[in-house]
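Some structures to go through are shown next.
Next come two complexes, and both contain subunit A; in the first it sits with subunit B, in the second with subunit C.
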Partner chain A sequence: MPEWLLKDESYIPESDKDTFINKSILSLLGLLARIRTQGCDKTDKYFVHAALKVAFTFLLILLLSISRNFTFIVISMVYLLVILSLMRGKEILHILKVSSAMALFTFIVLLPSAFWGNGYSIVTITSKVLATIIAVNILSHSAKWNSITSALKVFHVPDIFIFVLDITIKYIAMLGEFSLYMLYALKLRSVGKNHNKYAALSGIAGTLFIKSKEMAEEMHAAMECRGFTGEYSVHNRFKFTAADFIYILINAGLLTIFVYLERI
Partner chain B sequence: MIELTNVSYAYAGIDALKDVSLRIEKGEAVALMGANGSGKSTLLKIINGIVSPDSGAYRFNNEEITPKKLKDTKFAKLFHQKIGFVFQNSDTQLFCTNVYDEIAFGPRQMGMDEADVEQRVNDCLSLLNIQDFKSRQPYHLSGGEKRKVAIASVLALNPEVLVLDEPMNGLDPRTQRWLVEFLIMLNKAGKTILTSTHNLELVQEISQRAVLFGEDHSIAADMATTKLLTETDLLKKVNLVDEYYHRHDGDQHVHFHLHNY
Partner chain C sequence: MHIPDNYLSPATCAVIGAAMVPVWAAAVKKVKEEIPREKMPLLGVGASFSFLMMMFNVPLPGGTTGHAVGGTLLAILMGPYAACISVTVALLIQALLFGDGGILAFGANCFNMAFILPFLGYGIYKFMKDRVQSERGEYTGIVLGSYFGINIAALAAAIEFGIQPLLFTNAAGQPLYCPYPLSVSIPAMTIPHLLVAGIVEVIFTVTIVGFIKKVSPGTIYQGAKQKTKAIYGLLLALICLTPLGLLASGTAWGEWGADEIHEVVSGSTPLGYTPEGMRHGFSFGAVMPDYSINGLPEAAGYILSAVAGVAIMIILFKIISALKKNTSGKITG
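Here is the complex of A and B:
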């Protein structure tokens, strides 16, 4: 046993900033918490099938992007805000934060064009961006990610593509957790002044890359052992409910309003 | 040394620890026992300052450890130097390009000159009998070898307390035996050892005292390890042994049979 190990360490650390590690830990924790709550917290809200949500969200985005009528954008915004108001406070706050930030960014980027007399375009495009991002966020917060990916089956998206999406989400969670623990280890052992913090991050990235390669190889081997020969089939049972019917009606109404307003 | 008072913690509303009070003195060897998901790992995270309790207080060396204090980098670094944490998955703990740098990471951070760092790394390598791995990449090592490097990397900080999360998991019997003897040696050298485990066969060798967690995430018992191992009903209740658990008494020969079928 070396002598230094038998004595208490008389060590006074120098102060150093840990913001980089702490921020990385917090952002990873946020991501993992979102993925975890996707799994247990959320039953598909409003009982509407994910395939319908995906289809009508896509349709709404399409209508918003081709619409030349500001009234339609306002009506769409009202519709989206009504849906948003049915969600939990935390979700509303998150969605509004993200959407407002993007809309503000668009507004700032377009601001110089106001000097050339394009004031109306700025308002329209910013509103469209705001509505689009709210719509996508509502979809992402109100449907489980795996039900969104399997809903793609309804639209005849190739099974292998759906499988890759599913596995990607799974691996973001697993590798996210892995990197979180690596950051914890880095934080716990960062007991002094680290002049080269980013070198430690490259070590983490390298290990993460090797780990993901190993996991991919292991999963491929496991799939082969269970008879995987390159084809993967996704099963999606679609049961039509009253909620689905109401949802279709509301969206059909929006489509009618769009056609009517564009014809004026 | 370590004192937890009415500590509770929940992950997204799901209880992980409920009203846990615990005091660990310097030089003790304590085992945290309990079934999967009983809260052992969460408690270790709190003790290491990775997470902070939702309620209750945690004191280390008579100083309360709070999120505010841990934001003071100088305080946090000194605190982390005093408590070394060996993670359950060694892969997550090793992030340097070779074993030497991995072990040298802590001492270099502490501002030691390179000669002292080399001395300390070489001491750790020989203490854990891993001199041959000095230049190898950590991710090319076997599970047992990675565990040894992870322990060496923490030991190089010379912490007062060594916390190990399920250290026997995934190790072959010979490496398990080596680890048991190594922990006993460290404890005899004055280190406080805190181990989470559900390995009933080795727990009495690595600890004098055992803290048993129930499935309700609170402490079900806190007593001498040898005594706890005789409390069959209690162990059964917290899901640490199955109903076929039995014990042969004998002057020289006390052992357990864990039947899983």
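Here is the complex of A and C:
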């Protein structure tokens, strides 16, 4: 046994601020968790066709934005809350967290204008933002993401966009995992003070770009082998269910209320 | 810079969205021409790359962190048209699936971040790169391109916010959407971008392009040589837009000038619910002490941001030339 191995050493690594690694890891983890919950156990319990959901969510957001009547905003809020109450607790919590954060941000941004004496914007815009974000999040939580992309085909969005969108969602998860491992490696390897933070970060992001380029080429080869021509066709025919009918009815009701209230 | 819904009027969103349609069409056409079939999946993977870029926190001096948009970076790596599509898709996913950025405001967000940002950033980069045939010229191009790209995009967002109270008010004269005029929205948007976000963007873009050039030099997009026409077209467009900004700010100026007379009357009624008080109460000096100088008209905020911008640029150039003097002994740029 060499002598230096037996000697006591007390190495205390210099403390270093590496919040940027931690923050990046956390935001990536949040993102991946959000995507993963998409894949599993999503039974479209209240089965309404995704195209309808997308169309009417868009309509509701438009109506909310045009509306000058506070009653309409309250009514749509109630409607959204009812839908929200039908969802699972975890989802409700997540939706409310995201949307109230955004509404709070809006409130703070608009606070100065309230001191200017513009009490109108702060109340209506904050509640409109809250309602809009709840609506979008309900859409994103209640429909599978691949059904939302297939819904876009119904609205004649060009194939190239759907194609890119589809790949993007999948690869966010794959590349996200990849960069997460690199961040872990960076965290484990930087003992003591890391003087090359920017170099480390650009290493990760640069490697990510090269990796994504390789992945893209591999994917194209795989797709070509399976005979993909770049065109999408929707296979499942549109079947009109009772849930669809009720959904349309409710939204038609909302539209009627909107027209009625705005006339006054 | 993601504009949520209800800050912009649906009419504004429709106009800007309509302006984006030919850009998208051109981008799709150009990408189909330019990028060989086997590279097509790169657009999607590029979009996920750009989405993830916004998740990366860049360390800033002083222990804080910030994240970059990476529009100029994508344009340099993949070409501006591919960057336009990639950023558009990343924004669509954020709006539709994550509730980040508005659905109606999608067109406006795309205009700022998928059109102005990559095209302007790339235009400046290419202009510098073609003029100055050296490593230094290219890096100057990257720095200027990414810095101006993100700042002009922020300015565009500020103008979109700022014209809302001029165009859309209800019968009582209260703004229906974003209530801040140009004199507030421009400094509020541009000062943080000039000081923080722009610098993050520059650090991010320069270090990553440097890394990729070192590790895998063949992968960077090589655009056509004659971009002069494009950059002059861009400049021309900007010059055409300038009077629009002045016109809009001029109206704001006049409006506020009239208000100042009323301010004396209504200044003492806090949160008065009469339309007069709502319209003319003015005390943002108390609320935003950072941006305002008490007793000066709001136009001061406007001028202040311009002065700040110029000062920051001068400081940056002085630092750069000082650093250069230390290393090479001569000043360039």
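Definition applied: the second predicted complex is superposed on the first by the 228 of 264 C-alpha atoms of A that agree within 3 Å, B and C clash if a C-alpha of one lies under 4 Å from a C-alpha of the other, contacts with A are read in each partner's own complex, and residues count from 1 in each chain.
Everything that follows uses one rule, which is that contacts are C-beta pairs under 8 Å (C-beta built on N, C-alpha and C of every residue); 3 or more make two chains touch, one makes a residue touch a chain.
Keep in mind the model is a prediction, meaning the values are calculated, not measured.
Of the two partner chains placed by the overlay, subunit B and subunit C both lie in contact with A:G203. Of the two partner chains, neither subunit B nor subunit C is touched by A:T71.
In the superposition on chain A, A:T256 makes contact with neither subunit B nor subunit C. Applying the stated contact rule after C-alpha superposition, one finds that A:S100 touches neither subunit B nor subunit C. In the superposition on chain A, A:Y181 makes contact with subunit B only, while subunit C stays out of contact range. Residue contacts after overlaying the shared chain place A:I12 against subunit B, while subunit C stays out of touching range. When both complexes are overlaid on chain A, the residue A:E217 reaches subunit C alone and has no touch with subunit B. In the superposition on chain A, no contact is made by A:T241 with either subunit B or subunit C. When the two complexes are overlaid, the chain among subunit B and subunit C that reaches more residues of subunit A is C.
Under the contact criterion defined above, the residues of subunit A that touch both subunit B in one complex and subunit C in the other are 17, 203-204, 206-207, 210. Within the complex formed with subunit B, the subunit A residues making contact are 1-2, 4-9, 11-18, 33, 36-37, 41, 178, 181-182, 184-194, 200, 203-204, 206-207, 210-211.
Residues 4-7, 9-10, 28, 31-32, 37-49, 51-53, 55-59, 63, 65, 77, 85-86, 88-90, 92-93, 95-99, 102-104, 170, 172, 174-180, 184, 203-204, 207-208, 210-212, 215-216, 219, 266, 269-273, 277-284, 286-288 of subunit C are the ones touching subunit A in the complex.
By the touch criterion given at the top, residues 17, 19-20, 23-24, 27-28, 31, 34, 57-58, 61-62, 64-66, 68, 98-99, 102, 106, 110-121, 125, 128-129, 132-133, 136-137, 139-140, 145, 148, 158, 160-161, 163-172, 174-176, 179, 197-199, 201-210, 212-213, 215-217, 219-221, 223-224, 230 of subunit A touch subunit C in their complex. Against subunit A, the residues of subunit B that register as touching in their complex are 12, 48, 50, 73-74, 76-78, 80-82, 84-85, 87, 89, 91-97, 105-106, 108-111, 120, 123, 127, 138-139, 153-155, 157-160, 185, 189-190.
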